Amino acid sequence: MDAITRSGAASARRLTLRLAGLMLLLVMACLASLMLGAGDVGPVRALAVLAGQGDAEARFVLGSLRLPRTLIGLVVGLSLGVAGALLQAVTRNPLAEPGLLGVSAGAAFAVALALLLGATATTLRVGVAQLGAMVGCLCVLGVARFSGAGNDPVRLVLAGAALTGLLLSLTSLLLLFDQRAADEIRFWIVGSLAGRRLEHLVAILPSLLLAGGLVIAVARPLAALALGERVASGLGHRPGLIRLLVIVVVALLVGAATATAGPIAFIGLVVPFAARALAGPDIRRTLWFCLPLGPLMVITADIVSRLLVAPSEMPLGVITALCGAPVLVAVVRARRMPSL
Amino acid sequence: MTQHELATRDLTLCHGRATIIDRLALTLPAGEVTAIVGPNGCGKSTLLAGLSRLHAPKQGTVLLDGRDIQQLPARELARRLALLPQEAIAPEGLTVAELVRFGRQPHQGWLRQWSAEDQQVVRQALAAADVSELAGRPLDTLSGGQRQRAWIAMTIAQQTPLLLLDEPTSALDLGHQIEVFELVRRLAADGRTVVMVLHDLASACRYADHLLALRSGQLIAAGPPGEVVTTELVRRLYGIDCTLIPDPATGSLLLANVRRAGRCGDA
Amino acid sequence: MWREVSAESQARQRPGTERCERGAGDIVAPPGHWRLAWQAAGGSLPYSLLIDRRAFVAALILLLALLTASLAYLAMGSSPLPPQAVPAALVGRGDMMAVFLVQELRLPRLAAACLTGAAFGVAGCLMQTLARNRLATPGIIGIDNGATAFAVASVIGLGVSLAPPAMALAGATTAAALTFGLAAGGGVRGYRFIVAGIGVGAVFGAITQLLLAKVHIDTANAAYPWTVGSLNARPAGAVMLLAVGLSLGLGAALWLTRALSLMRFSDAVASGLGLRVARRRWQVLAVSVLLTGLAVAVAGPVGLIGLIGPEIARSLSSPRGVPVVASALAGALVMVLADLAGRILLSPIEIPVGIVTAVVGGPWLLWILLRPASRNLA
């Protein structure tokens, strides 16, 4: 066995170990999410339920409140983390994040508009949010590409911030019109996992499965695209098609996550950032690491948001912004912007 | 124009922890053109920044007529010493005449914004740098050489006896380089002391009266180019072997048969 | 070596060796300027001022527009008055109801709109010049958010006894220190600095949300319009303080005009022309932060005024100078118009002025950012 394959095998083993460690952490986070909470069902009573016993109240709290919440956190984290990694890979920009680029804000605006026009069904909301995410995504990327700003990571973020600000104001404006929509949307618009039911999860599952299939199809060509457009075409891929597919996947994922949990920024920045630090630059490995990291971050943030201002709750977006913004600054401050 | 003398004593300049210029003592001859040459990263530009107070010394002093320039008020210094940095950026849409008028700033005040003297000096500066015809043109519409002459006109309008130029010809083609060098000679003929950082040893030999050769922050030769430039010096500076021949027309030295030295670095 | 110093260049006039002999009579102002000159009492050199014609005309136009907008502001609303009744009501004549409407309800709010608009406009103009980037306004680099977070802490009574203006100032200073501190490695110029500011702004935005989540829902609802920017809930005394701060800040900005015009060059050039770059930068930053903090204390983060105001001022004025006065007037004009629109568009619902400016200013910001040949101030 020559040196290259041996060191390759060693590093693969190290990566597998790390991935397994992350999975373990995620399982622990899920258990913690089930056991901790604002109510008076403490860890001991929760453990009893998990062991198959426990009283009715504890069973209700776990089964109908904390379990859906944890599952939704799992799915939302997965979607946002993967969407962030994909968007960063396709724009070759370490700052491209669905929340920062206006994709989440597009989804939120679309949902607000739909509510205003009288929509109530959960499934409709998901589709509308995905459409909004798609429009937001295409807006920023399209305009940036057209003007040449796409080459400058930082200007792209500024454009996204501007679009986000605009869309959020428009959303607030819409809500001024309609008290009912405002009431319905108030707890959703700040981004939170509280009060979500399992049917919300069921509504987004089909589109997530579709997105998952597309990710598997697009991962290999995307890794080739990282070497540059010319190289990718030389290897027999079609860059335009790959890019379009990735945008569709990102819109599906972000739209689904936003429809469920509301706009949550910075997950798509922090998770791929950490994944790259653990796994190196190859997009396929990064995606593997995003799988446990995304849910881990969302669920941990959710637990913190429950406990920090108990008995009331805090929007999840606050926690993610508090840990995401320093990462943003760190990426920008790095002397050489890591190019993707 | 009265002659002013710029000198350094024990000058040490640092970037963070790295020492760029190490305990340098030199005197720049008044009324002459001095060229600072040396390989990339030898500290040429840092030295110029130190001489113009852009870069505060870690140790030692820069003396202008015997006074530490750190002690001089900013405007006072700007009336004695003008600087043209390497990447000078001007506001968008500024015309040549407006740029040159900025050169009068050190002489003006909030209540003395435009005097007869200002007017005359600006007119003379435009003429001296040969940009009178371009006065109304925006800076961004000029060619590289014209733009550089406009910047030099601004420093002329400062009416300083000392003029520091950081690689004034680095981005110019040969024709534009000659325009700038001839302007520098005219300024020296008017009695100004000019100090410029140059990349090209041959241009330095042709247009400077005095040469400072720097290597790793140390002065390794100083004097008239005809006396100090030797094949030995060229090898120590750039790690190349060459033959030096006098220009048939002007007598200044030219580098011929240039090749990599057998051994790089110290010889 | 140079051996051919020509007789021609020897014969050239030596600048500086010859004093000007001509009298002040035939001094021509540079193109596009008026020159005012008068003899000093002591018989020393005459004083002279240059006035940029285009900047002067721009300021005049903006002033007229502001007066017209103010008249409209006083006349329009839920119970409109005929425009000719407004001047009478201002001096206390005419219909009692009209006098009450104008003097008690609309005039204080108009004053607050003008003052905050002018403060945001000047603060934006100063910050843009400082960073040589037209996107670097206090609103975008997080200073507004910092001021808001601190002021909200004060409003919802988090055991902090300081008044909102003082807290807003403290917040603005903290955010500015953070943004500039974090950007210290890369310098204050360029876009990275701005993204660092966006990050700082996001943190303070989150802190504001956190504070609102901790208090009772009614308190939070009361503080809410103010967190998006509104002239409806003005803390008592804050307007007075802003008026004082604005007159000081505007004076300081005018005093710094010449330094500001040099700051638009690269640092080495500015310093070569006799500018103490570092010291002046601190002063400009301090003025900008002061104005931002005081204005946020009155109206909340209506930061996009700081972008739109100077933008209008700059397009009207000449590219030669830094339009401080025009930015103040344009900021006030935009603020008055935006608040007027917010009051009457969806009447009886009132749209917070921060939302109006965001809806107008957002596309503007995008346009600046994405213009194909985007050359920013530099």
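By written order: A, B and C. Residues from 1 in each chain.
One rule holds in what follows: a residue touches a chain if its C-beta (ideal position, glycine included) is under 8 Å from a C-beta of that chain, and two chains touch if they have at least 3 such contacts.
To keep track of the chains, here are their UniProt names: B = ABC transporter ATP-binding protein; C = Iron ABC transporter permease.
If you're wondering where the values come from, they're calculated on a predicted model, not measured in any experiment.
Chemist: Name the chain with the Cα centroid closest to the overall protein Cα centroid.
Modeler: Taking the mean of C-alpha atoms per chain, the most central one is C.
Chemist: Find the chain most remote from subunit A, comparing centres computed as mean CA coordinates.
Modeler: If we average the C-alpha coordinates per chain, B ends up farthest from subunit A.
Chemist: Round to the nearest whole Å and give the separation of the Cα centres of subunit A and subunit C.
Modeler: Each chain's C-alpha centroid was found; their separation is 38 Å.
Chemist: At what distance in angstrom does the C-alpha mean of subunit C lie from that of subunit B?
Modeler: Distance between chain centres, rounded to whole Å: 39 Å.
Chemist: How many Å are there between the centre of subunit A and the centre of subunit B, using C-alpha atoms for each centre?
Modeler: Taking the mean C-alpha position of each chain, the two centres sit 56 Å apart.
Chemist: Within the complex, which stretch of subunit C touches subunit A?
Modeler: Going through subunit C, the ones touching subunit A are 135, 140, 182-183, 185-186, 191-192, 194-196, 198-200, 202-203, 205-207, 209-210, 213-214, 228, 346, 349, 351-352, 354-355, 358-359, 362-363, 365-366, 369-372, 374.
Chemist: Flag every residue of subunit B that touches subunit C in the complex, lowest number first.
Modeler: Residues 1, 33, 49, 52-54, 74-79, 81-85, 87-94, 97-98, 101-103, 105-106, 108, 110-117, 119-121, 124-125, 128, 136, 155-156, 158-159, 185-186, 189-191, 205-209, 224-226, 250-252.
Chemist: State the interface residues of subunit A toward subunit C in the complex, per the touch definition above.
Modeler: Where subunit A meets subunit C, its residues are 95, 143-144, 146-149, 152, 154-155, 157-159, 161-163, 165-166, 168-170, 172-173, 176-177, 190, 265-266, 308-309, 312-315, 317-319, 321-322, 324-326, 328-329, 332-333, 335.
Chemist: Name, in rising order, each residue of subunit C that touches subunit B in their complex.
Modeler: 1-6, 9-10, 12-17, 19-20, 22-24, 26-31, 33, 35, 45-50, 255, 258, 261-262, 264-269, 271-276, 319-320, 375, 377-378
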